[in-house]
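The same chain A turns up in both complexes below, where it pairs with chain B and then with chain C.
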Partner chain A sequence: MGEEQKTPLQSSLRVQELIYGLKISEVMTKKVFAVSRNCTMRDVQQIMKNNGITGVPVVDSKRVVGFVSMNDLMNALEQGDMGDGVTSHMSGEVQTLAEEMPLSFAISAFNKFSFRSFPVVNKKNELAGILTFRNINLALIRELSRQLREMENQHSAVPETESMDLVKVYQLHRYDFENGGKASSEIKKFLKARGFHAKLVRRVAVASYELEINLVAHSIGGMLSFDINADRVKISSHDRGPGIADVEQALTEGYSTANEWIRSQGFGAGMGLPNVKRVSDEFAIQSAVGMGTMIRAVINLKPEKQNED
Partner chain B sequence: MNLNRIADMLEAELVHGPAGWEQINIETVFASDLMSDVLMSERDEMLLITSLSTEQSIRSAGIVGSEAVIIANKKTVTEGMIELAKDQDVALLCTKFPKYESCIRIGRLMGA
Partner chain C sequence: MKISDIQSLDQFTCVQSEYADAEVSSGYTSDLLSDVMAHADEGSVLITIQAHKNTVAVSSLAGVVAIIICNNRPIADDVLEAAASEGIAIFQTAENQFQTSSLIAQHLAGCPAA
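Showing the complex of A and B:
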């Protein structure tokens, strides 16, 4: 296969990496126009008009209690209700996004709901920003331009065959047990060829394989990416859903949602995620039902940084 | 203990053996059909005995650095498993004995 054929795939994976790597807080508009419950629809109209925006959250003590969209405003205008309080026209059931979530979750939310913008909340559930598709497009263009500049600066560097640096992304599909494990085997060979201690290679392979099986058995599909340098192996798993309702429970040894078929393959004992955590020096997980799950595991390659537990 | 002694004791048939497979040193035996448990194991120089005749068994053995797998109960070994055993450099054998009896036989051999 020629290099020309690989390029489009690599660049689309780069975009995927970005949407998983960026947090909503890095992309959202932080200057938010919001109204309180006692404002009128006319107030909202003025705010939208003066600031060129299409939706305004309604807040009470910084908490989002509603959202007035352009549609709500037009309905009020049509019925001559512009003097009414916002509470009688706003949508009360607001879908918010958490600022710590990866951008991929936001894209899932845009696909799932027909809203043009989402209020973003912080850990205290207070309004922290607003996210529109325009924000996402601008952020992707900005990041891709930055990466392109970096690549141009590095273009003269010739890759060495024994280089320790490797960035690789694998796509995994639901119930495709046949291919679940290929990534881990490749990464294992890569590290083994560079002379790493068998125990260390095993830890990386176990974390990676458990994550692969996890994607194949429990998600509707996703990707596993590796970012390796001389200091550490960073493994990131991202899927498109269904998401984990109770992350703490999923990290409890023996807790499993696996069906009989998964069990017949030798898995589904509820040990996968706890095992990834066990062999990793750093472990982080984020999940939202309907949006997906993101897991990051880091294994240090330098002895002084390793967690020997 | 060398793998060929265990193979003799279990009257095992060699399905795939990398060069020098007879001399693979076996210190511990792990008998399980649950790959989740295999992946939790921290043993070295381990032989995996399983009735789960799937590619995942070979893959899991390779992941934890086990150099030999014995399929118990004379289960059918697929072409995909053999290919994977070659790729992973894992010796693959097959015995008519169930897991339990295989373990007893190896136990006798090891003097347990």
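Showing the complex of A and C:
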């Protein structure tokens, strides 16, 4: 089986899974220093200095209308305009992040834009926090040490071969149709070997395969992870982009953005996501253009909790 | 009908014969793999012109036991290898999907033991 060989890969994937598993709201600084439109650049300077921060959002009744970075402040200082109102020096077009997004979306945003921090907004589009690289580093260190402690504690427990529990992560690459299906095939065999009903195994296989093919056909690359216990199979799909502009449309049967080549492979009929949703007991999708897509599908293994197919 | 019954028909050439001779309970005709994945029955024969490795992957996941490639479409070696390792039979035919479906349907109906 080459199980020993797989371990380091699986653990590095666990780190990646962390950035997919954490929400921005769990990582951001919640205590935000913001200014209103009628504040001056000197006010901003005071706030930055006293609190050791490098950027301050400008808000108008809790909505983010601008952002003053250290750079903006330096320019104002150089021009002797420190008495000016913030509106004449702030960047007006602010890229914000939503607090319920996975941390991976934020990392994409840091790569895409040159900003050093992002204002974070809640569902009502109100300022809820601020996210910097420092937040991300601290969160990762915190989570990793927590996981390490957990692993140490679990070490004493002898793993059973007949165990129902399985956590497995697969990496998928764009247009690698050759390997699309491998993960689903392994998971199907795992469940079949444990005696689950063919219909149930089929539902897991459908969800898993469609998500696998979606990653290969539509994303620039991503990962598919399985978290199985006696109660349910949880499949999570995460990618680094390009993101879905209209999620509602993507969930409509027949709608597809697939190119000719993908279609020639027998895909792109616009059935993928609708199929996943249909076979799942729980289904959630989150996507942001330029940042990525996250899909979670849960299939219950206990008969009383299952949906009728 | 069994897979070997397909093999015995003149219209079909068996190009991948490493299979356990399972019962074929129904058929499904489609070139869209997501459609096959969603609707093909366990124990069915897939009638298609889609001759690549993903066809085998989908068939395996959906429980399709045999694949018939229509219009004599060429089948690459890696497809046959994948099918052999999954134990899925592959047949090739000059007939199109409609003719093949009709033929298979007659044999499925004419075999009361199935």
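Note that in this section the second predicted complex is superposed on the first by the 300 of 309 C-alpha atoms of A that agree within 3 Å, B and C clash if a C-alpha of one lies under 4 Å from a C-alpha of the other, contacts with A are read in each partner's own complex, and residues count from 1 in each chain.
Going forward, contacts are C-beta pairs under 8 Å (C-beta built on N, C-alpha and C of every residue); 3 or more make two chains touch, one makes a residue touch a chain.
Just so we're clear, the structure is a prediction, and the values are computed from it rather than from any experiment.
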_Superposed partners chain B and chain C on chain A - clash or fit_ = clash
*Answer with first, second, both or neither: which of chain B and chain C does A:267 touch in the superposed model?*
both
*First (chain B), second (chain C), both or neither touched by A:145*: neither
_Which of chain B and chain C A:163 touches, first, second, both or neither_ = neither
*Mind working out whether A:259 is in touch with chain B, chain C, both or neither, as first, second, both or neither?*
neither
*Where chain A meets both chain C and chain B, residue numbers*: 177-178, 180-181, 184-185, 188, 198, 202, 205-206, 209-210, 265-267, 269, 271-272, 275, 278
*Interface residues, chain B side, partner chain A - complex*: 33-37, 39-40, 44, 50, 52, 54-57, 59-60, 62-65, 80, 87-88
*For chain C, which residues are in contact with chain A within the complex?*
31-35, 37-38, 42, 50, 52-55, 57-58, 60-63
*How about chain A: which of its residues touch chain B in the complex?*
177-178, 180-181, 184-185, 188, 198, 201-202, 205-206, 209-210, 265-272, 275, 278
*Which of the residues in chain A come into contact with chain C in the complex?*
177-178, 180-181, 184-185, 188, 198, 202, 205-206, 209-210, 213, 265-267, 269, 271-272, 275, 278
